[in-house]
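Listed after this line are the structures, all set down as structure tokens.
Look for chain A in each of the two complexes below; its partner is chain B in the first and chain C in the second.
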Partner chain A sequence: MREARAKRLVIGALVALSLLILSAPTLVVLGASFTAGNIIAFPPDGLSLKWYEKVAGASDLRQAFWRSLQVALICTIVAVPVGTLAGLALAKHRVRFSNALQVYLLLPFTIPLIGSGIGLMLLFGEAGVLGSLWPVGLAACVINLPFMIWAVTASAGALDPDLELAAASCGAPPLQTFLLVTVPAVAPGIITGSLLMFILALNEFLVSLLLVDARTVTLPVQIYNSIRSIITPDLAAISVVFIACAALAILALDRLVGLDIFLKSK
Partner chain B sequence: MSAAARAMAADSSAPDRAAAPVVPAVSVRDVAMVFSGQAAVADASFDLASGRFLTILGPSGSGKTTLLRMIAGFQRPTRGEIAINGRPVSAVPPHKRRVGMVFQKLALFPHMTAAENVAFPLKMRRFDAREIPARVARYLDLVHLGPYADRRIHELSGGQQQRVAIARALVFEPDLLLLDEPLAALDRKLREEMQLEFRRIQKELCITTINVTHDQREALVVSDEVIVMDRGRIQQMADPISAYREPANAFVASFIGVTNRIEGRLSDAQGDAVTLDTPFGPCAGRWGAPAGRSPRVGEAATGMLRAEQIRVAPSGEDRGGLDASVSAEIVDVIFEGERVVYEARLAGRPEATLRVFDHDPLGHAVQPVGATVRLGWNRRDLIVFPND
Partner chain C sequence: MPLRPSRSAYPLSWRVLDALEAGARGVWPARFARGVPWLMLAPAILLVGLLAVSLFEIADASLRTLDTATFLPSEEHTLANYARAFSEPVVLAVGLRSLGGALLVTLATLILAFPYAYAMVRTPSAAWRKTLLIALFLPFFIGQVVRAYGWLILLGNQGLANEILGLAGLGPYRLLFNYWAVLFGLVQYMLPFAVLMLAPALSAIPEEVEAAAGSLGANWGRTLLHVVFPMAKPGFVGAGLVVLTLTLTDFAIPAILGGGGQDFIANAIYDQFFRTSDQGMGATLTVLLVLVGSTLVGLVFALFGAGTLSLRGRGP
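Here is the complex of A and B:
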């Protein structure tokens, strides 16, 4: 009995500590954003919403946030069809060089982001498209696409291999089978993947830093630029807005497909 | 539509009745399927009459599923031709064949409700949209799933999912129903219940059905006809009783039922009455090879003797009326309630072991291990096949 209780205590303490460490940065930023003082500090120096007011009024931050949303949207719109088709192909068909392809898909993770960033910068620079937003979205899509493909592959791998044959025996021609059976059946994977892509593109910093200029600066880059001049609590406030966006996406994921499915990545 | 009305409709639609009075519902002619040099199915030919329930029985890798998938249209035969209601279908893609199929893992559409699954074939086959709900309801009732129409697939039990799959395969009134071992994953009780359910629905709708299984009991229980396959070839096609009582070869004899193999040499042959010299001594038997392969005295042969055809009696007390009687020692006893399973062995001859099912209704004592007993059987139950 005593032993069991001691065990529970130790495990409980470890869990609490882990949760604290994991959430500490978020809590600190959250606290700091409500400060009434003029310097960023934790614990906050009094409570107020004035920094949120300032953020709402700051047109440069607002515009950067809007641009980040656009980048995330472009990234997701490109990633959904590309990632879905690639994921289905890898999961359902014996693609030639499938192993090599899997390794290739890992490349974006193994190559340092700064390397990919410079590569993309040279590429887009050569093409003369730097300065518009869509290359930033496209870049975010390229480096994060494996997440989308994995989400779809995991979802498709859990399906009955006879599902499409069943549709055919029900009288569905190949296109109908794809649109009415295959895609809806892997929808949990597609939704998971696209929300991931959206969040990753929204947060994407390093590659964007190399691809944006003054006209196309995104929110993470904007925050970084501000930090280099003066650190004021409005940065904490905008960070909280940022965190809220990610939380919203996770909430949507839970509502749409269920977090348990996402965590088991099925 | 009543079974009789359906049968009539099927009859009147049969092309050119005068020239071909009976068009088989399914006709398979010299079909072969070769995967990278290996023949998964070779020289398969059979006809199946309309309204019959055929089971293709065989061990895994025997080619039974490949044959079924060729009939469904998922695989194209390397050679040969398959016709459904007289129409060659080798060039017809599966979605244009009027064939319903229940898959091994059911392959229900996970994102749809039970009713949506059943409605799917009707939508794809462009049935009148006003007619669809009533028809879906009728077929859900047929499989006793009326109250579960709006459940999602994962909210249904295994047996209920089976029923959805059956309704989905039948709802568009296909010419042919294919069952690809859909019962393999079920526990025994549910499996036996669903076997009878398949049987009931098949009789009710009078639909031509081809079932694939490795479960010999299922084959005997549900079918009008049985095809036994081994290594890509059809070994025998017969009704269940004939397949059991008159196996075409040693493989069929050993695959259906529990059968003892007794190796020996022919010492006498008069017509189909043969004598096999075995470790148990000379045993009278019946020649089982097809006509044209007559027995030759002196050739090596194998006697097949079913476990339930052997009678057990304590030694000394012989049972009258049996053609053969040998002495053996009990080496294992399994009491199964309604029957006792014995392993009996000729003293000192481990290769001469017989398995015996004793269903004695008068319930004499169970023989203990080590007891010496008399085993007896009738001549016609020892079927002798040549070893080639």
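Here is the complex of A and C:
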């Protein structure tokens, strides 16, 4: 059994290293946000909530956060119906040209983000809509759309086609079958997808950086602009907002569908 | 008294559904049923179409040079930007730095991701599995900028890392704003992606297969090499591809942890647009990056198949 112990030791050590690497920045930001000192430091110089107070009073940060929330909402509202319909169509129906279609629908992942961002910037610029928030939300939706389609197709595998036939043979017309049988059956996928879309749009950085102007900066862009000048502890406090949102999203995901679905093989 | 209640006595939800149904029939009669899948796909095709159209915009911009007299893109199309991109040593240097970095990061990430995914899938303890999943999702959901900010605090000259080294009588070292800081930050950024791509492939391998290999006399190393790795290949392909392309094209980590001296291609493109204001050159570099990225993806797909990246629920 020496070998089994050695195996456990090697895997354990590598997992511990990964855990450390994964969690260190989050813990450090959390810790630094409670500092009582005036410069950013970890471990903090004494504990206080003064930087939270400062953040709560800073209207530019509050507004940036509010804009990020709007972007995330727009992205999710567009992505849920679009991704659900597309995912169900791909999973349930034999569509012609499905290989080409797959390559096309994966474009948001295969085109580098900087490419998508620059392209949409040129496109929206020509259309004269840069400077409002909805193009940013729409862009966040386009670049992450495969996540939504993925989530739905993955849970459509669990959808028994007999259920829809049963509904039809009980006299349910097509739309009713779709709304009352098909959609609830893939609800775990829809929930997972919409949470992913929301949180990814909330954190979206590069494409927002290209699409926003001084009046429409979102929070990640605001933080990025600030760390390039001086790093003050109020940035740590506002970053904690993101950590809290991430924690809430994980909690919701775990409660509603269970985190384990990410481990299931297709 | 009538046997059946009148229609108006039906519950409201029935009437709403009936109205919707009639509306749907009016807009899309039943004889179009074969087109329904395409109708369902249409919004997604249109949305992604925005990207497809924007690619043409970029290609068009890349064919116009910057007129240094007016600072406007030229009217006529020329390949001059491409000729310049291929002859400038800076472009080559940045390209090689990104590509080399992407390969190193992919290797390091896969080495760390495999044991993590393996432990997560194989552990008998549900609580431990959940802990590993949460530790994975938390950074994934926090975003690059905040994570890079955490590294700035931790690895700075007065940061925790240098203080610990100081206790051992070492340093202080300049841990930030160099190539290795960028690569380290990228590994941390990519690890959740890689583990999440790898884990489903590993959970598809029954534990009995490993036990069988063991009982036939294979030690753990040989079981991994000859049984687990080949069976997990789709996962490795998916994870490796995602990490490689995302690293190659990343912007935030090189910008923040590289301190301006360790630009990747995306940073060079950004600078062309917003510092030099040479839109044509920036678009040219974007086109080249898209071409290199798609070639890599196509190459890996041709060699190994689409792996776990397939959008369809079940196999083809």
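Of note:
In this text, the second predicted complex is superposed on the first by the 247 of 266 C-alpha atoms of A that agree within 3 Å, B and C clash if a C-alpha of one lies under 4 Å from a C-alpha of the other, contacts with A are read in each partner's own complex, and residues count from 1 in each chain.
Here, a contact is a pair of C-beta atoms (placed from the backbone, for glycine too) under 8 Å apart; a residue touches a chain by one contact, two chains touch by 3 or more.
For clarity, every value in this text was computed on a predicted model and none was experimentally measured.
Ranking chain B and chain C by residues of chain A touched puts C first.
By the touch criterion stated above, A:Gly83 is placed in contact with chain C alone, chain B being left untouched.
Of the two partner chains placed by superposition, only chain C is touched by A:Ala249; chain B is not.
Of the two partner chains, neither chain B nor chain C is touched by A:Trp134. Looking at the shared chain after the overlay, A:Ile199 reaches chain C, while chain B stays out of its contact range. Legend: residue contacts after superposition of the two complexes on their common chain; A:Ser169 is shown touching chain B, with no touch to chain C. For the contact definition in use here, the residues of chain A common to its chain B contact set and its chain C contact set are 173-174, 176. Of all residues in chain A, only 159-160, 162-163, 165-174, 176-177, 180-181, 184-185, 187 touch chain B in the complex they form.
Note for the complex: chain A touches chain C at residues 3-4, 6-7, 10-12, 14-15, 17-19, 21-29, 32, 40-43, 78, 81-83, 85-86, 88-93, 95, 98, 101-102, 104-116, 118-120, 122-123, 126, 138, 141-143, 145-146, 149-150, 153-154, 156-157, 173-176, 179, 199, 202-206, 209-210, 220, 223-224, 227-228, 231, 235-236, 239, 242-243, 245-247, 249-250, 253-254, 259-260, 262-266. Interface of chain C with chain A (complex): residues 17, 20-21, 24, 30, 36-38, 40-41, 43-45, 47-48, 50-55, 57-58, 61, 111-113, 115-116, 118-121, 129-130, 132-154, 158-160, 187-188, 191-192, 196, 199-201, 203-204, 219-220, 242, 245, 248-249, 251-252, 255-256, 265-266, 269-270, 273, 282-283, 286, 289-290, 293-294, 297, 308-314. By the touch rule above, chain B contacts chain A in their complex via residues 72-74, 93-97, 99-101, 103-111, 120-121, 124-125, 168-169, 172, 178.
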